[in-house]
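You will see two complexes here that share subunit A, one where it goes with subunit B and one where it goes with subunit C.
Up next is the complex of A and B:
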């Protein structure tokens, strides 16, 4: 700068100022037009990237991004592209509420999809329904279906505890079976426990006893002898994520699996990978999705193939698939509505019959719960596994039916 | 004093003369100036929801600082007051249909009452024992909220009290509008800042600082140390309760986390990052922590690593916090005049 002298510097600065002014004017004139022509369809996606559900969250993001990519490659909504705005909710309801507010107020998200823990999804729901923004929840919850937390802006794409426990119980429980429960002491554990007991009462299975453990407990050794003393035919472990892998491993170490069968409400792909084949062998649970479904369901094959192509041969996981089914169904509804207008999209979603990964699905009108199939799966022993991700045997596919759900009356919805 | 002298020695030879006078003005008008600075906040930060959080946690840290920075009592239980303020505001509006302002007022009174109870028990002990007693009592409050799930929503948190408009008699505020909400919260935070500034400038403010510096000497001077400490504790609980009440209005949910011990830790971290024992420091701390969290977590899932490293740098190189260090530098300049 010194060598150039003052005159040179002044000229270049003036040019720069002029250039900036010109650019600013151009941007000012041009931007609104450009923005209007190709305003993207923005989908806010809060999910717990950090925290114990991080692995599930990462799969959700990958699946959701795949759905967005496919929509855009197919031309979007008459050339209007979709965009996924991923935010870390840190598995914290307060953080999730702030993030959702940001997504709505600052990023002008048209729709919100996401959340994994029940407390977090309920807080997201509280924000979206007071601001009349469409929200599709992809985490298991019974509460969100109930009239108190429901709004016509809320859809629930995930299975709910009532559905999964009923499917598992129908398969595993018999009249007179003695069932002992180990459940995580928070909403998810309580709801699963309630679901199982309800199903057990209908079937005529007996409760041998129940133990609640703190959420995120690292050690289960104090519970195992007490559970064994109950002499159950079935040990029912109602927890999620790392808790599931840790407690099943320890049940194995204490020899509980030899004495009784282990049943879980939701058998998780990632936790089975983390826990290992030996610990999980023979454990029965329910699932919304397993990639092995591709043998019988053509849309599952298409979804898996697209996923494998996009992510170096990896297969989608159960909770990950929720990201895909929710975003795909949302974008299908946007297409059907021909607009991002919330009311039109709600109407389109209510009317939508979709089959994007796991067979036919549709939203029930009273509580916007997705009516869909429930898979009952069993973890394979190492000797039967054909590959790294050949984890489960599908024992049964309980087809989607309204009979699986609690009635609208029971949930407090007035016709 | 050593660090201060060093700073003096390192100060540049030319010192602007107007600065010291300006500095006196700044400290005299600290509350109005703080409010002015906060008025600009929603336009500077990435989002208004974040700006409201800065206000709320700033007030929380300022309230905490009254006890920690000025009285010298390290409490690990301030989430109890924050959470009580939040829960009772939510319950008041949701379950009893109270006017939001009335619910907030009752919640703040209850948080102060809780502070009186916890303070009475805990100020008998000192140092780490004091910290542990406050932590234990706050955990008690946490478990009460967890167990009383029919009132508090338990693990799912409290919902069902969304405030969309606040009727003030003459006007009705649309709280769903982000800027209106910001100004509504700022009105409370501003009033609280004015009050805290007044408290600190009063003889009582001088006594709590005397206790922080040398408790024995303060007692020898004839001050009732126990009562002063208790009053500081209650005032601190009051302001933290107010910040909790505002957070309930802001988020329209009360997560159980608001009573958890890491919310107590948040107050400590924010106060330390900003500068303990300074008037505006806790706000700077809240701003720094929240903005870093917000921005870093957009960039990388490993934001905790980055945030942790930043905190380590703060502890190593800015032991008096951002604001404390800045004030120290300025004071040093004045000393040179």
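Up next is the complex of A and C:
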């Protein structure tokens, strides 16, 4: 921290301004020369910087920046540096499409990585597909793996609903368990519900009933009497973000957590912080990453340490970590290809085996879904937390395997 | 159709949930209705004031550790902000088109959201249910959170206090007269501007109180006011813009409509409110308790 007196501050500010002007002039002269020497590797990064997922987006950016920094510090691609071009997609599919087009045409981005909402990622994918630009999506979606939305330029580093629900169900459901579902009435909720019911059928769990709630509902009290009347062993809440925090909180208020176990498809770091330890205690869900993985996975430790060093001791979050795993895998492929040529990098990504934060990962060739571990986690009660960010207990690490994905055939990919 | 729908206890419980939800809606509509009824201003920042109220609650709670302090000082702080807003933003627009205050409050809503994002971050904050009010009560027909029963009680208290203040005190008489005929009051030597400022502050404080009450039920986040604004307007319009009685009856009715819809067609629960509004407006364009031609 800078602790200078006001007088000193005034002088140093003047010096600073002068210094900045000089540096600016130098950079102005220097830049074109550097650009001629080695054109940077430009990674376009649309993400919802403003709006309700702003904090999540900032975590993504910080992780992605870290991956870029590490690549450059290691010498880049034979001295060719990478740079991240962050654009605000405002959580809006139209805005995202416009920004992505600009990134490709005006800023001449070589690759696109990003997007957080499923609708937004599909609109980014539309653009990159038609412009034949490589896109690595870092938001959960099942449809992006299916043949109709797929192109060889599309990669999906995030988990998908099918994977997370299967892992959670495998851990939480038993034969004969009665499961009640409260699901958000839109694509994400439907996909999660479908995933859980598919897994439940295989395990032999019973469906006690299901309720679809309107997307973005602030009050869930009117659904509670019926959910209670279903007398479930497990209450499975399939929604995201604020809806998740609010519905878990209210289910808890109505005493449903005492009567049944609460299970969610995706347990989010930031929503747990917003919802509080009491409301979430004992809730079980899945995630792609939790910093506590560092106790068993060396690459997680390395990632956390680098992140802590770069961002004043903060730890990476689940959705934030996607920024790192996606950009790292991309830059590793660029390194392997020795070039930014799209076709060469696609081939390199398809062949890539990488372990950068959470154990081994690779992209399946038919749908470019990242085969990776799924973490099953449980939210700790306040009494067991050792610190502010000691949020979850890892119950299980479901190792990455093709068996946890839907088959290429089922997704409509012809061999 | 599932047999559970015909379970009488479930239906009774659902009705009760509707009334409790209705109490929240009444709280939301009150401030909006008072500000419109007395000042003729459509406050488009109402939902955002509700959100600011929740944050003010968090702020006080973090410093004092007491929910009761948050419940008292949160609304007072925001109400004071309301006085400032009336004095320096609304008052200069007096005599201009009625659209001007509407646009002003609309913009103000955005400023409040961004302001809160800058101060508290965009992710939302936890707000635990106060220890002494957590847990569930057995109503005989089913279980209900004690905190929600408490909210119903607070709303009832606020209603009694408002009724007494407006109908039984001299100040209330002046306020009601001021809403009817400000000219005459001015002639009688009453500082009507000052009166309006206090009424506006009261409306804002009521919205903020709604926010503090909602905080332990919902997580506190910068966008929590956006949905609430639509709900508050639906209730106010159904009741009749500016009618306090209308806010109360419409709030409870809407709660019951939403709750019964949630039982039979849960995915329609939030649309039900607006369908009900459309129905009421078809039959009574001025709302249930509204006076025709009140400039709506």
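Here is the rule we go by: the second predicted complex is superposed on the first by the 380 of 415 C-alpha atoms of A that agree within 3 Å, B and C clash if a C-alpha of one lies under 4 Å from a C-alpha of the other, contacts with A are read in each partner's own complex, and residues count from 1 in each chain.
Throughout what follows, a residue touches a chain if its C-beta (ideal position, glycine included) is under 8 Å from a C-beta of that chain, and two chains touch if they have at least 3 such contacts.
These numbers were taken from a predicted model, which means no experiment stands behind them.
Visitor: Looking at the overlay on subunit A, is there a clash between subunit B and subunit C, or do the two fit?
Guide: fit
Visitor: Is A:83 in contact with subunit B, with subunit C, with both, or with neither (first, second, both, neither)?
Guide: neither
Visitor: For A:106 in the superposed arrangement: first (subunit B), second (subunit C), both or neither?
Guide: In the superposition, A:106 touches subunit B alone.
Visitor: Kindly classify A:92 by the partners it touches after superposition: subunit B alone (first), subunit C alone (second), both, or neither?
Guide: first
Visitor: Which partner does A:131 reach: the first (subunit B), the second (subunit C), both, or neither?
Guide: After superposition on chain A, A:131 lies in contact with subunit B alone.
Visitor: Between subunit C and subunit B, which one touches more residues of subunit A when both complexes sit on the common chain A?
Guide: C
Visitor: Once chain A of both complexes is superposed, is A:148 in touch with subunit B (first), subunit C (second), both, or neither?
Guide: Touch partner of A:148: subunit B, not subunit C.
Visitor: I'd like to know which partner A:390 touches here: subunit B for first, subunit C for second, both or neither.
Guide: In the superposed model, A:390 contacts neither subunit B nor subunit C.
Visitor: If we overlay the two complexes on their shared chain A, which of subunit B and subunit C does A:54 touch? Say first, second, both or neither.
Guide: In the superposition, A:54 touches subunit B and subunit C alike.
Visitor: Look at A:355 in the shared chain and tell me whether it touches subunit B only, subunit C only, both, or neither; answer first, second, both or neither.
Guide: neither
Visitor: Closest pair of CA atoms, one in subunit B and one in subunit C, after superposing: how far apart in Å?
Guide: The answer is 5 Å, the least C-alpha separation in the overlay.
Visitor: With the touch criterion stated at the top, can you tell me which subunit A residues are shared between the subunit B interface and the subunit C interface?
Guide: In the superposed arrangement, which is not itself an observed complex, subunit A uses residues 54 for both subunit B and subunit C.
Visitor: Could you pull out which subunit B residues touch subunit A in their complex?
Guide: 46-50, 53, 154-157, 159-160, 162, 164, 176, 178, 247, 251-253, 255-258, 297-298, 301, 303-304
Visitor: Write out the stretch or stretches of subunit A touching subunit C in their complex.
Guide: Residues 51-56, 185, 209, 211-214, 216-219, 221-226, 228-230, 242, 245-246, 249-250, 253-255, 270, 273-279 of subunit A touch subunit C in their complex.
Visitor: Give every residue of subunit C touching subunit A within the complex, in rising order.
Guide: 2, 4, 7, 10, 13-14, 17-18, 20-21, 24, 117, 121-129, 134-136, 142-145, 147-148, 217-224, 227-228, 258-259, 262-263, 266-271
Visitor: Contact residues on subunit A for subunit B in the complex?
Guide: Against subunit B, subunit A makes touches at 49-50, 54, 87-88, 90, 92-94, 97-98, 101-102, 105-106, 118-119, 122-123, 126-127, 130-131, 143, 148-149, 186-187, 215.
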